[in-house]
Each structure stands twice: as C-alpha cells, then as structure tokens.
Amino acid sequence: MALNQFMFYLLAAVIMVCSVLTITSRRILRAAFYLLCVLIATAGIYFMLDYQFIAGVQLILYAGGIVVLIIFSVLLTSHISQKFAKPGLARVIPGVLAAVAGFVLSAMTVLSFPFQPSGQPAIGNDMRTIGLQLLSVEKNGYALPFEVISVLLLASMVGAIVVAKKEKSKEKP
Amino acid sequence: MIEGIPMQHLLIVSLFMFFAGVCGFIIRKNMITILMSVELILNAVNINLLVFNKYLFPEQLQGHFFALFVMGIAAAEAAVAIALIINIYRRLNSINVEEVTEMKY
Amino acid sequence: MRNELILAILALVILAAEIFTTAGNKHKIITWSAVLFAAATVAGFLPHPEGELFGGSYRTDQMTVVMKNILNLGVLIVFLQSFDWLQRKENHDKISEYFLLVITTLMGMDFMISSGDFLMMYIGLELATIPIAALAAFERFSSKSAEAGIKLILTSALSSGVLLFGLSFIYGTTGSIYYADIAPQVAVNPLQTLGFIFFTAGMAFKISLVPFHLWTADVYEGAPVNVTSYLSVISKGAASFTFLIILYKVFGELLAVWQPLLYTLALATMTIGNLFAMRQDNFKRFLAFSSIAQAGFILLGILQAGNLGSTSVVYFVLIYVFTNLAVFGVVSAVSHATGKENISDYKSFYLTNPRLSLTMLMGLFSLAGIPPVAGFFGKFFLFTSAASAGYYILVFIAVLNATISLYYYLKPVRAMFIDKTDTPIATFRTSLPTRISLVMCLAGIFLVGFMSIIYEFIHAASFGL
Amino acid sequence: MNILNLFVIIPVVTMAAILFTKDLRGARLVSAVGMGLQLIAAVVLIFSFFALRKAGDSAEFLFYSDVTWFESLNIHYAIGVDSIAVWMIGLASVVVFAGIFASWQMEYLSREFFISLILLATGVFGFFISLDLFTMFLFYEVAVIPMYLLIGIWGSGPKEYSAMKLTLMLMGGSALLIVGLLGLYFGSAQAGEVTFNLLELSRINFPVTMQRFFFPFLFVGFGILGALFPLHTWSPDGHASAPTAVSMLHAGVLMKLGGYGCFRVAMFLLPEAANEMAWIFLILTTISVVYGAFGAIWQKDLKYINAYSSVSHCGLVLFALLMMNQTAMDGAIIQMISHGLMTALFFALIGMIYSRTHTRNINEMGGLMKVMPFLAVAYMIAGFASLGLPGLSGFVAEMTVFIGSFQHQDLFHRVITIIATLSIVITAVYILRVVGKILLGELQNPEHQKLGDALWFEKLSLVLLILPIVAMGTLPLFLSNTILDALKPIVERLTAMI
Amino acid sequence: MSFQYTILILLIPLACFLINGLVGMKFKPLLSGILGTAGLGIIWLLSLFTAYTYFFQVGQVNGEFQKIVVINAEWLRFTDKLHIDMGILLDPISVMMLVVITTVSFMVHLYSIGYMHGERGFQRFYAFLALFTFSMLGLVVATNIFQMYVFWELVGVSSFLLIGFYYDRPSAVAASKKAFIVTRFADLGFLIGILVLSYFTGTFDFIALTGSDQSIFASGAAASFMGLSALTWAALLIFMGGAGKSAMFPLHIWLPDAMEGPTPVSALIHAATMVVAGVFLVARMFPVFFFQAPAALELVAYVGGFTSLFAAIIACTQFDIKRVLAFSTLSQIGYMMLALGVSGYGGHEGLGYMAALFHLFTHAMFKALLFLGAGSVIHAVHSNVMQEMGGLRKYLPVTHLTFLIACLTIAGVPFLSGFFSKDEILVAAWQSNKFLFAVEFLVAGITAFYMFRLYFNIFWGKEKTYAHPPHESPLTMTIPLVLLALGSIFAGYLPFSELISSDYKPFETTLHLSVAIPSVLIGLAGIGLAMLFYRRESTLPDRIAASLGSFYKVVLNKFYIDELYLFVTRKIIFNYISRPIAWFDRHIVDGTMNGIGWVTETSSQKIKGLQSGRISQYGFVFAIAAVGLALVFIYFIN
C-alpha cells in the first residue's frame, strides 16, 4: 500500500470516527475538539488533492475561526464540566434512521453512477490562477460572487451585532 | 487526484460525514452541537465539490471556488448563529433546543 | 445590475447615515430611507437592458426586471408599514440596521433571481436568509422573537446544507455550475435525480412547501410583524420565482421527475397548510399557514412548464404582494397600536375601525380568491396553467383546498363583522405611511385583476421550458 | 353603448353612491332609486329586445358585444342575451327592487347591508349577460360571496354556521365548475384557439370521452346552486338564517343561476354526455322533487318549509332540463321565473310576518288573517302559486314541465314524470297546512291582536312580486313562445347527438 | 246566429270577482251583494237566451246538434300539436250546464243577500261566489281537456275558499283543507290521465277526441301497461279526477265535511254544480270511454252504484241536516255515474247518457232547493242538528212547502221532475245490468226513507224550545225557494231526450211503466216507513238502531272511512314518510356535509403534533422527507 493510500485511509478513518464522536460526545468541549479533528483531517485530504490554497483556508477559517468561535460560545454558555444526559431513544432512532437511510440511498446511487471524467487537461491551481480567476469578470471568473459575499459578510456582521447588542434599557415597552 | 484512491472512496467519506451531520442535527439538544453538525454537513459538501473538480473536471476550478465561497458563507452563518444562540442564552439561560418550543402547533 | 447597484449604494448611504447622525436624529433615517427607496423603486421601472454579465453569472431579462420591481414595490410597502414600529423608543438604536438588513437581503434576492450559475444563486440565497434570521430576532424584549431567529438560522443552515449537497452532485454529473452549461447535460438518471431532489428540498424550504415548511409558522409568529410580512411575501416570492427559473432553464430535461414531484408537493402543501391554518388564533401564525397553502397554489403554475405557467406565477406573486401586505398592514397597525395579535381580539373591529376592517376584508377575500378582487384572477390563472398541462384532478383538489381556505379566511371576517364583544379594539388613527401603504395595497388588489394590461405585460416577458 | 352594460354599471354606481350616504334613509333611497333605474332598464331591455326580434333579427344572441380582456388567454368580456336571459334579467330586477323595499327598515349597518345586497345583484346580472364563461364564472362568484356577510351579519338564528355552510358548499360547487370550465377551455383548442366564448364553444363537437369526464363537474357544480339532491342542505339552513331580502334574492334569483348554468353551459356544450348521463341526474332530481316536498311537510319553521319547497321546485327545474325536449325545458325556464317570483314573495312575507310576531314557528301563530289581512292574502296567493293554481305562474310552469316531460319516448322518463307529479299534491298538503295554521283559525296568541298590517313599502314590495306572478299565470303565451324560440338551437344541439 | 256574446257569460262573473275582491272592502256590503246578484242575473238571462237559441233555433243541423266553437284562443303552447286554448264550446251538454249553473248560482246569490246579511266578509263572500261561478262556467264551456283542467282547479280552489269562509272556525279550516287536498289528489289522477291521453293522441281538443275519427287512438290502444291498454289507463285516471270532484267512493270523504261552509255555498257548489263536474267530465269524454275504454266505463257504473247505496245507508243515520243532504247528494251523483256507466252510444242505446244528464239537471234544481230550504231552517233556529228541531211547519210555511216539494221530487213521486229522471236511469240500468238495477231500486226506497226522516224530524215531531221564536226568512230567501220549487216541479217536462243524447241526435223516450210503478211503490214505502218512525216522537228508531248494534255504529261513523284516511295521512305520510325524510335530511344528508367538516377539523387537530416546535423534529422531517422523496423518485417513478 502506497504511502498516500495509507495516508488517505488514515485521514478517512479519522474523519469518520471523529464525525461520529462529534455528534455523540456528551461533553460539549470534547465535541468541539472532535470537530476540529474532522476539519483538520479534511484539510489533509485537500492537501492530498493538491488544493493547497483551499486547505489553507480550511485550516485558517474553519479550524482557526469557526471552531474558536464555537469554543468561545461554549465557554460563554455552558459549564465546561457539564455532561449531557444521554439522548433518549425517541431522538436517536429517528436521527439514526434518517441518516442511515439517507446514507444507504446516496451511497448506492453514487457508487452505481458511471462518472464521466471530462478528460480535459487540468488547469493549474496555483495562487496566481486562483487570484486571477477570483478577480476575473469573464466566465469562470468570480469577481461578482466575491463582491456579493462581502456584502453578505457585512450584513451578517450587522445582523450579529444587532442581535447581540447589549440592552440599553431594561424597561419593557 | 490521489494516486491509487478511487473517487468513490472519497465520496463515501463525504457522504458519511454528511449524514453524520444530519444525524447530529436530529439527535443533539444543545444548539452549539447542532451548529457543529451543520458544519459537518457543509464540510462534507465541500469535499464533494473538490473531489468532483479534481477527479472529473480538472479543466476549471468551479468546484474549488464553490467550496471556497461555501466556507465563507459557513463562517458568516456560524457568526450569526452564535450571536443568536447567545441571545437565546441571555433570555432563557439555556441553549437547549427542547426549551425553545414556546411556539408550536 | 442597476437595481442591485442602487441597492448597494442605498445600503452604503444608510450605513454612512448611521455613523453621521446623532442619537436625536435617528428617526429621520426612517423617512429618508423610505423616500430613497421609493426613488429606487421608481428607477426600477425605467427601461432596462437585457443580457448577461460576468460571463453568464448574472443575467437579466424582462421577466427578472418585472420580478425585481414587484419585490421593490413590496419592500417599499413593508417599509411604509414599519414606520410606527421603528419609531418606538426601544428600536431607535437599530433603525439603520433594519433598513440595511432588509436592503441587503433584497439585494440577495435580486442576485438570486438574476443568477446565471449556482454559485451566485447560492450566495444570493444565503444573503437573503442569514440576515433575515437576525431580523427575526429583532424584537429585543420578546423571547418569541429570539426563538424565531434561532429556529430560522438553524433550520435554514440544514436546508442550505442539503441544497448544497444536491448541487454538488449536479456539479459532479454535469461538470459545470453555469446554468447554460448544465442544461444540455441534464438527464434522468439516479444521481441527478438525487441531486435535484436535494436541491428542491432546499428550495422548498425557502418557499415553505410541505414537508419542508415546519420552520415557517414558528418564525412568522415570533418575528416582528413587519419582518414576517417581508419574509412571507418578498422572500417567498423571490424564492418561488428563482425556483421556477431554475426548473425551466436548467432542469427542463428532468420534467418527468419534477412534474410529479411538484404535483405531490402541491397536494401536500395545500392540504397541510390549510389543515393547520384552520386552528390558528394568532394572526401571524394564521397567515403563516395561509402563506404555506398559497405556496402550494404557486406550484400549480410552476408545474405547467410553459409561458402560461411563468406568467401566472409572476402575476400571482404580484397580486400576492399587494394582498398579503394589505392584511399584514392591518395586522401590523393593530399590533403596534394595541399589541393585540390574535384573531379573537378582532371582534367587533368593524364597528370601531371600519376602514381597516374593510382593507383586511379585501385582503382576505383576495387571498381566498374571491372576485372581484385580484386574488381571484391570480388563482384562476394558476388553475388555468395547471389545467393546460392536463392536471384536472390536481386543479379540482386545489380548488377544494381553496374552499377549505375560505373557511378560515372567513374566520377573521366573522370576528370583525359578526362577533360581538364588549371590549373591542378601540378606535385608533393609523399613521400616514401606514395609510399610504394600505391605499397602495388596495389599489393593487383592485387594479391588478381588472387591468389585463398588467397581465399581458408580464405575459410578453414570460418564458417557458 | 350596449344597454347590457347598464346592468353592471348601474349597480356599481349605486354602490358607490351609497358610500356617500349618511344613514338608513339615504342608503335606502339611493338603493331604491338605483334599483328602480335597473328595473326600468330591464323593461327597456325587454321591449327593445322583442322589437329587434320582431324586426327580424334572428341572431341567437342580441345586443352582442365583445371586448378582449386578457388577450393572451383569449378571455373576453362578451355579452349578449337571448330571450331566456332577458326574462331572467327581468326576474332579477323585480326581485332586487322588491328586496330593497323588503329591507326598508334595516337599521343595523344599513349602508353596508345595501351595498352587499347590490353587490349580490351585480353578480346575478353579470352572470345573465355574460357569454364568456370566464366572466360568467367571475360574476357567479361575485354573487356567491356577499352571502356570507349578509347572512352572517344581518341574519338570525345559527347564522354563522349557516352562512359558513352555504358559502363553503357553494364554493365547493365552484370548485367543480372551475375544472369543468377549464376542461372546456382547453378542449376548445381542437378548433383552433382556446376560448371561453360560449358561442364559439357551442360550435365545437367535443370528443365523447372528454365530455364524459367534464359533464359531471359542470352539471353538479351548477347543480349545487340549484339545490340538487343530496347537495341541497345549504339551502334550508341558509335561507332560514338569512335576512328577508337576502332570502328573497337568494332563493328567488341566485338559485336560478344554477339551473341556468346547467343548461346553458353543461348541457348545451356537452350534449352527448348530457344525453348519456341524464338518467343519473334525473333520478336525483326526481328524488329532489318528491323528497323536498315531503321534507317540507314536517317542518315547523316557515323558512324551512319554504326552503324545502324550493328544493322541490328547483329540483323540478333541473328535472325538466334533463328531459331535453323543448317543451320540458321551456317549462323549466318558466318554472325558474315563476319560482323566483313566488319564493321571493314567500320570503318577503315571512320576513314581514316575523318582524311582527317575532316567531317563525307555525305552532305559535294562528288566525293572522284577522289582524293582517293584506299579508295573509298575499301569503295565500304565494301559496296558491306554489301549489300550481291556474291563473298564477306556478301552474303554467308545472304543466309545461309535465306535459313536456311526458312526451319523452322512453317509458323510464314517463314513469319518473308521474312520480314527479306527485309533488303537486304534497305541495298542496304543506302549503295548506301552513296557511291553515298561521293565517286561518282562531287567533292563537292574544299579543298578536295588536299587530298591524303591511306598511306602504311592504305593500309595494309585495305587489311588485304578485303582479308578474298573476301576469304570467293568466297570459303566458308570449313568455312561453319566446322561450321556446330561444330554446330551439339548444334543443337541436342536444337532440342531434342521439 | 253568432254566439260571440257568450264570452260575456264568463267575463261578467270574472269582473264581479275582481271588483268585489280588489275594492269590495270599500263598498257597503249590500252594494257588493247587489252588484254580484245583478251580474248573475244578466248572465242567467244570457244563458237562457243562449239555450233557447241553441236548442230551438240554430243548434240542430240535419237532425244533429252541432258543436259550436265560439271562440278559441291559444293560451299556452307546448308543442306544435299540444297547446292549451281558451275558448267556448257550445254543444247540448255545455249549454244545459250553463243554464243549470247560472240558474242555481243566481238563486244562491239572491238568497245570500238575506242569508249572509250582517256577516263579516260579506263582500268577500260575493267575490268568491263570482269566482266560483266564473270557474264553473269556464269548466263547462271548455273546448279542450286542458282548459277544463285549468278551470277544474280553479273550481277546486274557490270551493276551498268558500268552505273555509268562516276561517276562524278550526273545523271550517280543516274541512276546506281536506276538501282541497282530497280533490287535489284526485286531480293528480286527472292530470296524469291527460298526460297519457295527450301523449298517445297528440291532442287536447274535445272535438278531436270525441269526433268520429278514431285513428288518433290507434297508438294508445296498442300500447298496454300492466294488462290494460294505455287508453283504459287514461280513462281510469281521468275518471279518478271526476270521482274526486264528484265525491265518489272512496274519494267522497271531503263532501260531508264541506258542509262547514255557509249553506248557500253548499247549495251551489256541493249540491248542484261543482260536484256534478265529474259526471259532466265523463259525459264530455263519453265517446272515449265508450269506444276506447269500456272497462273503465264499467268501473264508472259500479263505483256509481256502490256510492249511491253506501251514501244512502249513511244518510239514514246522520243527524246534521246538511250532512244528510250531503250524503244524499253523494247518492244521487252515484245514480248519475251509474247511468253513464251503463249507457250505450247512439239513439236509444244512449239512454243512460241522457238519463244521467237529465238527472243532473233535475237534481240541481231540487237539491239546491233542499239546501236552501235547510239554510232557511238553520237561519231560523241557528242549529244544524235535527234533534234540536221539530214542528217547524207552523213557523216557516214557505220553507216547509218548498222543502216538501223537494223531498217528494227526490223520492221519485210521480209527475215531479225527479220521477222522470230517476225513471230513465232505472230503465237504463235495467236494460244493461240487472244487478245494478237492483241496487238502484233499493236505493230509491232508502232515499225516500231518509229524506222523509229529515222532513218529519224538522217540520213535524215535537216542538222544541227555541231561544227566540223561529220566523220565516226574508223575501230574498224565499223567492229563490219558490222559483226552485217551480223548477223542481216542472223541469221534468222538458223533452230532454230530444235535446241531449250521446250522439247528439235527438230520440224519443217513453215512460216505462214496468219500471216506473215498482220504483214509485218502493219510494212510497220509504216515505211511509219514515212517517211511521218520525211523524211523531217515537222510540222505534232508537230501538231499531240498538238492534242493529255495531252495524249501526259503523254506519253512524260513516264506515270509518275518515278514520282510515286520517290514519293514512297523519300516521303514514306524516309520521312514517315525512318525518323520517326530515330526519334523514338533517342527520344523514346534512350530517354527511357536517361530517366532512368534522373530519377536516379533527384531522387538523390530530396532526398538530407535526408542528411540535422542536428544531430536532423539524430537522428529522426535513431529512426524511428529502430522502424519502429521493427514494421514491429514483426507484419508483421513472
């Protein structure tokens, strides 16, 4: 077994195990940690796919940003030592059922599908190409989404601020 | 493209992750863990997009960019969601979804 | 693109205004924003070039322009109706945020409508969703409002995850995210069907089709009235139209899948929506289920997959904007004046506030599809388009559902006109902007139906499969 | 301008004018003037129509005009009348005008009352002048919906329940109608462009399979309004709870929309299916006729008696229509007019009696002839018209129906005709029972001694209705012959298929 | 000679009705009485003039009376062939009826001025009388069967109105209702008969129906239904209508009760005119019955015979004088029906036909006289019951005398009119059916008995104590009595067979002594028996009644036919048909509608758990729905 194969299956195993742990762990901080593992392992896969840029973004944005945000909010809202009660069967059964059914169905469909590679030569995914495409206004250029997502981020920020603003006055209307 | 690894294996991983997320969304009570489940879901999607891009359509970077933007949006979503969770926490002193059922039927 | 640019500029202006106004002058922002937005709305009616930009990521044609104008008009009315609410003391420090969020989400919808690829569509969709969650949680002192916000953001996150998951398969099987490139690649095969159905689930969430509708009622009830009206009218209209465009322009080859799919969804949506609406007493929740049922009717138009279908859907949305906003306008006026939001509070309302009651009456009749108000035309043409595709049984069930819906639309009517109470809502005066908005709605309710020129105009811009 | 437009314009203007009135006096005055004009217009219409006919204008529909409305859907505002429609308009005008006077003292929310009432009338008039099925349907719905408010606000008894039931059942009927109408509309594509135009549709021979599918939708859809058994139950409750003028208008005119639609749309356009399926509906209508009459015997509430009687009489309308011969259909239409007038008269009288005695229970009244002779005599005239006394309109109608129906070749049709004739005896039983109980005999309730007779506006209202009943009963020839002429193309189309 | 003026015979009473009905209340009562009477006087004279001109001047052409259609205007068109015309047909029987009706009606109008004096609703009374007269005249001059039906119904309603004249008396209201409904039921038969007849013959016209062209009946004779030809059915049904109006068994029950109306009304409607409409109808349709439906004609005979016996027996036991007269009327009409039933066609064969109409004519005179006389008695003593009367001959001389004449006439005492007409009937019966003859022979005796029972009870016997002494009626009442008495005496001398016959050709009749003598004897026997029983106060009748026991009771209660009807209407129709239907309508039909609403409401209630407010559940539904739909659409559809 080649190294990269080994690496991949290792990462895959980490991803799958940690995903399950994320959703089953009864301590929330551990769940966050498992999520972090999943995200990092995913970044690993991106590296293996030769998508360094996106792997980097994954590490920075997800692992560095979102997970931190989550941990931060966990600290704000929960006691670290708090251990959740085991979820009751009334929740687990439907959840597992939906997930298993969905997984089986999608897996069957995906595995039986004859994917057709385009066979075209690959475009380079170096920073230059990415940068050019990101600013291009032609087809396969992403200037517009880039602009719009900035609006989205602005709006989200405003929204988050509005929601989280400290109440100035306590009196009820 | 990872040498020696068929695309389907990658897809199975992402599918698994996706449905683990779905499952987590359903079985967890804590809003933050639900949010984590959502992150799992989005992450699985990203894997899909990138895998397809790499294995099938390497001539363009459409999946790649799509995944990039999804990440950005996921971050924004998480930010707003966390703000809302804190908002709820302030009001109810709890972030258990079972307790935000004032409105029903 | 002009519309989006104007909106962006407007958003910036408001942002700047927020920074440069003093606390005492904040309320002026309300008026100015509304006036500026009115100007933007008017500008929308100027001739507009058609075509593509950004290599096909952004496209506009007559229909999208029409649709955007409809949305602008609706948002303008919503703004007018929000005056009273925004002028309250506890909202003073969030006025510009409100406008900013609404305008950016509207921009998101515009991009969604004009999108030429799935990436733009997705970003537009999220732009039109995430800030709304913040808007839903706008009410500071209401735990319901907070609940609405969290429910919206979490469920919409799940739904957009599923939608993306679907899209990833569409990408995987067709090799592109551009509509124009995907369309020829689409074929009926398991994976594409899977992807398509997951995509539809996500869209159905936005349009609140049964069984993807569950968030709707809770969010509508909890959110501030004006946000609810925005959500139920503008957001739903934009999503429906987008869905229609994508079905027609991208998934035309999957007709054999999505016609029966929409058939099923339409049946479920109308029936479940009606069954739930029957039991509601809270007006907003009532209207939530009513709007779910209405979404079911919209599917009847989409189903037709031809010019008739797209025309009747857009026409219906136009009418729906006026109609639903008329009802919401009254609900919001009453809610702001008295804090009462239940149907049972409206007893003897006609005796104390005849004009508002009549407006509400017209709105409800229009929702129920009773002539001579416009709702009748809207619904009739939807039925016509479903029938033109041969779905007579569906039409029959739909009309039966419309009959059931009449049952509950008449409940508020009964409360207002028939039921007697000793403690009716006292007579109150509505503010000028509210009145203007209601007059606009009433004019729309009456004119859009009879003035066939509007229908013909939309028809001229329509497109089919 | 086409005179027919007046029938929509006048009510709309009247409604607008009522908005500017202050109180009951103003509202009723404006309504009376408006509907008076309407009545005059109807008379003018009748005269000019027959003047044109006499001058040799033999087009199927006169005063035809056609304005494109929704161009891309080929929906038009097409109007025109044949003599049947003309008579129906005449009927409606009389009943509406009488209805205004019957509600002369409507104190509570009077402006709203008159507006709703006239809105109802608008729907009725619009329906009769329409030749485009879309506008026809639109007016139909316009006519149905003010009922809810009228019954709900100004009604009595379990008014909310009745109003809701009536509205829902009638809207359920229109659910069927929509399907049928759309079926016709798209079915017409085989002859070129899709159309709602009645005249164009009538030139198309639809495939039989299609006719079989859509005929029940259309017939039952209209039939519900025409109180087709077993979908008639909105009628007793609705009529019982409605205020006087509304009962008058509803039983008198609105129910006629059902019968009119049945033959003008369902049977005329889908003749083969009509022929094939007539037997089913004939059985149902025969049941209606007898069942309604028997049902009326047991009732104690005057309005219920009359409502069941309407079920019986309207059943006879549909019954005769389904016989598909010129005479029977002629009878059906005369019966519509006759029933419209007399049932309006009944309801007007019941309202007037109720406003005095405050009861509608026949066991609580008696001997009213002594205290209110005018009302009593009018009631007896209505009763006699209802039981088919010669010299009043009911006789002409019923005889034409029975003679016509009995001319049918099939034994089945003749046998059910005989069953249907039973109703005239049963009708006599319940009418006389009521008359005997409430008008004749000794004065039951000493309180009633003080009650007064009809006031001037009540008399006016009653006389307005009695006059045409008597006129139709004594000189029916012109009416009947003009209707026979108008039926000719319809019957030809219906029988050509056999 | 043109008969155009005969239209006035119809129009004048109509005008009287309209004037008295619409504006009569504004008049002084007497004025409207005089107006009505004057109108009737005019048409009486016109009728007599018409009769004279028709019978003796222009009616007969070539030894056959003509059917003259004076006017015939289309009134309502059904099809090209079937249309109702309104017109006037003059032929022997209609002209004869005109005379009968106008005569009796005029007398009654005149009489009522006195009789109804001071009654509330005097003008209304005259209006109704005029309406009745108009309708009855319209009936007899009808040119077609449907016109007849139209007026037939109008006659019924005017009868209803007049019986219920005292509308504040519950018994009068009940009686009027009963009369109307029973006759209405019979009319239903008439109507169906018309439907059947017109369906097969394609015409309503009497001239066509009774003409010589029999081809129009071909299809009807060929068609059969339940073993009888369609035309027999038609005839039977038409006879049903006639039987209802003429109160033949078993549709007779309304007539005794109809005596609740004012006595002049009884005289006019329920003795002389309306009740013989059935006889007139059968006579009018006689050729159809005779040629096309002999079976029906036979039934007519038997029904007539039975009714005459049945009613005569009941009459013997009644105490209300008007009821006695009512049953007597039934009995006499039974005679007429029987005569028609046994009649043949043409010449002497048609003796029964002639006899029936002859008896109709004389009966009108003497029965009207009897009723008016009874009215005069009632007017005097304010009671209907014969036990409260007695010895009145001293107080009411004119009434007494005229009443005696009438009684003698009806008893068939020779040389009074009743003798002649009854004799013809008995002869006709003898010639055709011995059994029926025997019945009629017996009835003749019973008739004499009960009439004289009545006579003696009123005018002889022990004098009762009266609240205020009885006195003779005013002139307006006695003049009609005298005139009718004259009519009763002399009407029999008309050469009837030369005027009226089944084939419109005059023929000769002679007195058949072999029949006449026994019948006179049995009549005298009846009178003698009555004299024995009732001349003086005696216990004999009571003893006989007691010895008859339950039979007497059954007869006294009119064979319980009323009770049977009550049972059928109240119990069966009301309780077992109408009530279940009303229940069915409320609970099953309406219940289904409400049930649909209930199901909707309930399902709405039941599924509310779907919207639990829990995000996890929302997520689950979302996911499972997406997966489920995908599953279905991937693997099951396409």
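By written order: A, B, C, D and E. Residues from 1 in each chain.
One rule holds for everything that comes next: a residue touches a chain if its C-beta (ideal position, glycine included) is under 8 Å from a C-beta of that chain, and two chains touch if they have at least 3 such contacts.
All figures in this text were calculated on a predicted structure; none of them were measured in a lab.
A.B. asks: Going only between touching chains, how few steps reach chain E from chain D?
C.D. replies: 1
A.B. asks: Going by C-alpha centroids, which chain is farthest from chain C? Tell me that one.
C.D. replies: It is E.
A.B. asks: Mind naming the chain pair that shares the most C-beta pairs in contact?
C.D. replies: Ranked by C-beta contact count, first place goes to A-B.
A.B. asks: So, comparing each chain's Cα centre against the centre of all protein Cα atoms, which one is closest?
C.D. replies: Of all chains shown, the one whose C-alpha centroid lies nearest the global centroid is D.
A.B. asks: Among the chains here, which has the CA centroid at the largest distance from chain A's centroid?
C.D. replies: E
A.B. asks: Express in whole angstrom the distance between the two chain centres, defined as the mean CA positions of chain B and chain E.
C.D. replies: Roughly 96 Å, centre to centre.
A.B. asks: Compute the distance, rounded to whole Å, between the mean C-alpha positions of chain A and chain B.
C.D. replies: About 5 Å, centre to centre.
A.B. asks: Indicate the whole-number Å distance between the mean C-alpha point of chain C and the mean C-alpha point of chain D.
C.D. replies: 42
A.B. asks: Using mean CA coordinates as chain centres, what's the gap between chain C and chain E in Å?
C.D. replies: 77
A.B. asks: Which parts of chain B, given as residue numbers and ranges, touch two or more other chains?
C.D. replies: 18, 21-22, 25-29, 34-35, 51, 56-57, 60, 62, 65, 69, 73, 76-77, 80, 83-85, 87, 97, 100, 102-105 - these are the residues of chain B that touch more than one other chain.
A.B. asks: List, in ascending order, every residue of chain C touching at least 2 other chains.
C.D. replies: Residues 119, 123, 126, 130-131, 133-134, 137, 149-151, 154, 158, 162, 169, 172, 175, 190, 194, 217-218, 279, 404.
A.B. asks: If I count partner chains per residue in chain E, which residues reach a count of at least 2?
C.D. replies: 608, 611, 613, 615-616, 619-620, 623, 626, 630, 634
A.B. asks: With touch defined as at the top, which chains are paired up in contact here?
C.D. replies: A-B, A-C, A-E, B-C, B-E, C-D, C-E, D-E
A.B. asks: Please give the residue numbers of chain E that touch chain B in the complex, ascending.
C.D. replies: 608-609, 611-616, 619-620, 623
A.B. asks: Going by the contact rule at the top, pick out the chain B residues touching chain E in the complex.
C.D. replies: Within the complex, chain B contacts chain E at residues 22, 25-29, 34, 97-98, 100-105.
A.B. asks: Could you list, by residue number, the parts of chain C that touch chain B in their complex?
C.D. replies: 118-119, 122-123, 126, 130-131, 133-134, 137, 143-144, 146-151, 153-154, 157-158, 160-162, 164-165, 167-169, 171-172, 175-177, 217-218, 221-222, 279, 285
A.B. asks: Spell out the residues on chain A that touch chain B in their complex, using ranges where they run on.
C.D. replies: Against chain B, chain A makes touches at 2, 4-5, 8, 12, 15-16, 19-20, 22-23, 28, 31-32, 35, 38-39, 42, 45-46, 48-51, 54, 57-58, 61-62, 65-66, 69-70, 72-74, 76-78, 84, 87, 91-92, 94-96, 98-100, 102-103, 106-107, 110-111, 115-118, 120-123, 125, 129-130, 133-134, 140, 142, 145, 149, 152-153, 156-157, 159-161, 163-164.
A.B. asks: Residues of chain A touching chain C in their complex?
C.D. replies: 105-106, 109-110, 112-113, 115, 118, 136-145, 148-149, 151-152, 154-156, 158-163, 165, 167-169, 172-173
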